[in-house]
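As written, the chain order gives the labels A, B, C and D, with residue 1 at the start of each chain.
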Amino acid sequence: MVVLLDESARVIVQGITGREGSFHTKLMLEYGTKVVAGVTPGKGGSEVHGVPVYDSVEEAVRKHPEANTSIIFVPARFAPDAVYEAIDAGLKLVVVITEGIPVHDTMKFVNYAKKKGTVIIGPNCPGIISPGKAKVGIMPGHIFKPGKIGVVSRSGTLTYEISALLGEQGLGQSTVIGIGGDPIVGLTFTEAMKLYEEDPDTEALVLIGEIGGDMEERAAEMIRRGEFTKPVVAYIAGRTAPPGKRMGHAGAIIMMGAGTYESKRKALESVGVPVAETPFDVPRLLREQLRK
Amino acid sequence: MVVLLDESARVIVQGITGREGSFHTKLMLEYGTKVVAGVTPGKGGSEVHGVPVYDSVEEAVRKHPEANTSIIFVPARFAPDAVYEAIDAGLKLVVVITEGIPVHDTMKFVNYAKKKGTVIIGPNCPGIISPGKAKVGIMPGHIFKPGKIGVVSRSGTLTYEISALLGEQGLGQSTVIGIGGDPIVGLTFTEAMKLYEEDPDTEALVLIGEIGGDMEERAAEMIRRGEFTKPVVAYIAGRTAPPGKRMGHAGAIIMMGAGTYESKRKALESVGVPVAETPFDVPRLLREQLRK
Amino acid sequence: MKLFEFEAKEILAARGVKVPPSVLVFPGDDVAAKIREAGLEPPLVVKSQVLVAGRGKAGGIKLVKSVEEAVRVAEELFRKPIKGVLPGALLIEKAVEHEAELYAAITIDRSERKPVVLASRFGGVDIEEIAKEKPESIVRLHVDPFLGLRGFEARRVGKALGLSGKLLISFASFLQTLYSIFEELDADLVESNPLAVVGDEVLPLDARIIVDDNALFRHKEIIEKRRVEQAGEYTEWEVKARQIGLPFVELDGNVGIIGNGAGLTMATMDLVYSFGGKPANFLDIGGGARAELVKKAVGFLLDFPKADRIFMNIFGGITRGDEVAKGVVEAVKEKGLKKPLVVRLRGTREEEGRRILEEAGIHAYTDPIEAVKKVLSL
Amino acid sequence: MKLFEFEAKEILAARGVKVPPSVLVFPGDDVAAKIREAGLEPPLVVKSQVLVAGRGKAGGIKLVKSVEEAVRVAEELFRKPIKGVLPGALLIEKAVEHEAELYAAITIDRSERKPVVLASRFGGVDIEEIAKEKPESIVRLHVDPFLGLRGFEARRVGKALGLSGKLLISFASFLQTLYSIFEELDADLVESNPLAVVGDEVLPLDARIIVDDNALFRHKEIIEKRRVEQAGEYTEWEVKARQIGLPFVELDGNVGIIGNGAGLTMATMDLVYSFGGKPANFLDIGGGARAELVKKAVGFLLDFPKADRIFMNIFGGITRGDEVAKGVVEAVKEKGLKKPLVVRLRGTREEEGRRILEEAGIHAYTDPIEAVKKVLSL
């Protein structure tokens, strides 16, 4: 077993006829992911890379009742609607790649998904990959190697960087989740950790955090309460970012005094989680943890 | 047992310091209703007719944990908030006297109440009375006599008129509910009928309808399905109201061809419910039904 | 509050909906000049701006082939009452060629207690007939009032009508605009019928909005913006009644009716009718009326020429019999007993009220049947 | 997008909130005349309209006792940069006597994924200090985003602050207005600090609104209405970067930084720092950047005087190495290699990128540690 995603995923691509949607459908198919249908309202009846396109998720699910997962490439203004559509159609995992969704919209659909029992990954995220099994996302598949390390990350490129380093040193991955860089995301560190804790195929976890918010502090708290028991190594980006300045996306604003680098590092180290100085120290620290 | 209301009611009056709220608190107390607390935001600490006043329902319930019912006299602009407050404080019966609440607001709080398991009576209604037991409303108490007849009505004054006639002819009432004249009400005919069906102290039911909407048609449908089995007599006001004209309140607009006098009368008569020509024929028809 | 067609279309246009090019003309306007200024080329449609149903069938909408004809028809329509009401303005609109006529509306489903979208492929004709004859052709979709009408739901309605491609998107986006108006304006009804199909797009040929009167305090801008006064919705005496705050509806008969509570007032009309009389009006003094209001209402009916007699039916709950009686006596004192007045009085402070009336020489009945027989015998 | 104090107060006033009487003055205005026209009597407060935090402590707010003093202070403040930025306007406001200073804000709780109301009886000073020292004095209330902040919830917050009577109602109604702004404007933050208590009412002495940049497409009116340009928020080079669409933040060091993705770019800054260097900026070319954007970014840093060297760190996922390399080569061709440039390149089309760079005489590292050591040794 792996976390959230394995060979049983049957995927609907929402926004499949767009540039990004079509391109990544091809890459997902090449990786071996079972993409069963695409949706673009008003373009029902066409095909993209051999995948049939429908006007609605409802219709796609009716024709492909095995569908259980959705990935969304719909532009920001229409993406919230696409998320509601996927939830109401009964899909249990929805990966939202779209960047630039207003945070009030995200807040609402994430609350709605929770009520309906759907897991949202993202928005503004690279997606999820269980190397060798399936990829529902936009990450370059070849970087990732199958193995026993879970990776959960707030940053896209750092995920690639660190996963590549891990792979080169023989530390393949069970499931890698880029949870997204927006202030509100569907799946948080602690929610992902609950899943990794239960996953027999994950032996240890790499947490890739950022300044801002308090997800890292909450992860530490979860470890303190004994609810996550596997070895963890963390890296937190933004140590040298000045407070109060926007670092490219809203996920990195420091507000109300919480979420500083120091606060996160202290919280994690106090529960025995080593925090890497640079991304390049992660594999070494992880080996040390695994040796214990 | 009686429907929804008996001696165990412990009532909070929301808007108790207003003219109407204070006046009817006095009348309810005189009738024997156990009014345990009043609420008017900003006037906590005072007293009205010996009833302590609080700033919030939450506080009132904390001080009087036996409270289970609320009656709302708050002006229309603030009444929806008062309803949410009562629901969130865990009260199970909320009677909304207030007239003039925007129907979109009512639609929302009625849906919310349903989710939370609170029964709303009203808005724009005279309330509920179980003669001789308790009165949570603004109806003149002396008109009603204890007995075995249930009365459920969309009209205030017609309720008084018909209940008085019934009482004079020895047909006392178990519980009389004025469900309110607005297009959307918290408790409909069929919902009330479900309660009367289960109530061993109700032998027969008087339905007082009006043109507009399809509550009377739905009541007939319920009888057809065998879900209401007690004798019923109906009166429907508005036989001579011209279609498309507003008859005083929105509850009497005829829309989309549904809800005419003829449609309602036909539906009820087709399931054996006699429809009185005038309110004054109701007692006679009811006696005939009871004799069968 | 019902909005005029031109007001509804202005609201749609402000939200980015394309509507047919048009110009609004008032009595006394140079119609030909207005049409030219607006750059409108015939054929045109001249539409009486009244708020009564069935305007088209009653001759309030005319297709014209030239500006001259438009001028002639405009003059005619300004003088033509539609179901008793004269228009305060006419909307002159470009006649648009179109392939089909749909129906689309958002209203409130009272039973489900939710907003409902209603749509049909057979717009343009009497939708109520269609609803009766082919109920399956009306698509209904209920909306969660806390979520609003989501895009995929609007598209689901369009699909159910058999639309596809760009037309599907255009229709769905139009429905969402209707819904946003429904929600933002606290509407009882937002409707377009017919909603034309022109190529890949929908275009509202007519539009209706009814705003919940109880919510008008949140929408003062609608009242402030109104350019056409009461005209177009109410008869002369209804306008007078509204000006003094009385909920009065004019009817065809001769028996003036006053009651307390809408239900009892309607029942009183029904009672008159079932004994062979015809009500001249509906007038509800509501719950808890004071003498001042009663005086106003009785005085109004004493003046109202269609009523040759008055039947007043009061069952006091929160309304007090003495207050009612005082109001009646004052009205009669001021206006004189110009026409027969029969009062039936019961309920709270019944005896005091009866005494006040009798002192002024007015008999008050207890039994409504006796009272109605009396009023019809006069 | 951060709104200026005066913009935030205009928004509050438009929703019926009482704010202190004031006048906005621009450079070159006759300040004394403006104060007189507005009918403002001293004492007054002159406030620099900049969008940096801690404006008061940095000397951007001055109390004055006369119009003459106001004129003098205004001249001074127009020339005084606050944390590096000059104001585009000053707000001159009536100084209001008050009994207490509260704190009130609505923002988003990322962890709970819900709106949260924050309030305190100890406004006016640094609320972050209060939050640390007396966390129990901060009242928090989470709001259901589908229901909004209901009146009784707002009053619950007021009660928790110890308010009662009319002041409780005034505070609660103010909170609901803040929430309606939060919701309607898609705000990240709506705040008043201090929120003064004057008799039975609250009065916002300061106000802040931050609108979600991603939602600006829904709020074009905010941008259209803006009377004070970029000034007041960004440094000279940040303004330049924004004009050409680069997400650039100026910092204090000398090492120019370019990365792809915010996380990797921050990590690159951290790497420079941990090897003893100091970043001159943050510049993220994002995911999937094309050659054109890369050229723009590299060209910008070549011009940016604070950067005496450039460290570019790229790990290509959807970003392609060849596109990056082409952009770098074009920028260098256009601007000349005015300062040392070290590139680290990995990921998609790494080899092609490396070849293009080498052909142009630029060495591309694989190992970031080696690269950072190199750039700091120059």
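FYI, a residue touches a chain if its C-beta (ideal position, glycine included) is under 8 Å from a C-beta of that chain, and two chains touch if they have at least 3 such contacts.
These numbers were taken from a predicted model, which means no experiment stands behind them.
Undergrad: On a CA-centroid basis, which chain has its centre farthest from chain C's?
TA: Result for the farthest chain: A.
Undergrad: Looking at A-D and B-D, which pair shares more C-beta contacts?
TA: A-D
Undergrad: Which whole number of Å gives the spacing of the CA centres of chain A and chain D?
TA: Chain A and chain D have C-alpha centres separated by 28 Å.
Undergrad: Using mean CA coordinates as chain centres, what's the chain B-chain D distance in Å?
TA: Chain B and chain D have C-alpha centres separated by 55 Å.
Undergrad: Averaging only over C-alpha atoms, locate the centres of chain C and chain D and give their separation in whole Å.
TA: 52
Undergrad: Of all residues in chain B, which are in touch with two or more distinct other chains?
TA: Expected reply: 112.
Undergrad: Would you mind listing the residues of chain D that make contact with two or more other chains?
TA: If we look for residues of chain D contacting two or more partner chains, we find 146-147.
Undergrad: What graph shape do the protein chains here make by touch: line, ring, star, complete or other?
TA: It is other, because the touches fit no line, ring, star or complete pattern.
Undergrad: Considering every pair of chains, which are in touch?
TA: A-C, A-D, B-C, B-D, C-D
Undergrad: Mind pulling up the chain A residues that touch chain D in the complex?
TA: Residues 76-77, 99-105, 107-108, 110-112, 126, 138-140, 143, 153-161, 164, 181, 183-184, 188, 208, 210-211, 213-215, 218, 235, 237-242, 244-253, 255-257, 277-280.
Undergrad: Under the touch definition given earlier, write down the residues of chain B that touch chain D in their complex.
TA: Against chain D, chain B makes touches at 41-45, 55-59, 78, 81-82, 84-85, 88, 112.
Undergrad: Which chain D residues qualify as touching chain B in the complex?
TA: It is residues 147, 150-152, 155-156, 159, 164-166, 168-169, 172 of chain D that touch chain B.
Undergrad: Under the touch definition given earlier, write down the residues of chain C that touch chain D in their complex.
TA: Touch list, chain C to chain D: 146-147.
Undergrad: For the complex, give me every residue of chain D touching chain A.
TA: That would be residues 52-53, 107-108, 110-111, 113-115, 118, 127-128, 131-132, 144-146, 183, 186, 188-189, 212-215, 217-218, 247, 249, 251, 259-267, 269-274, 279, 282, 284, 286-287, 315-319, 346-348, 368-369 of chain D.
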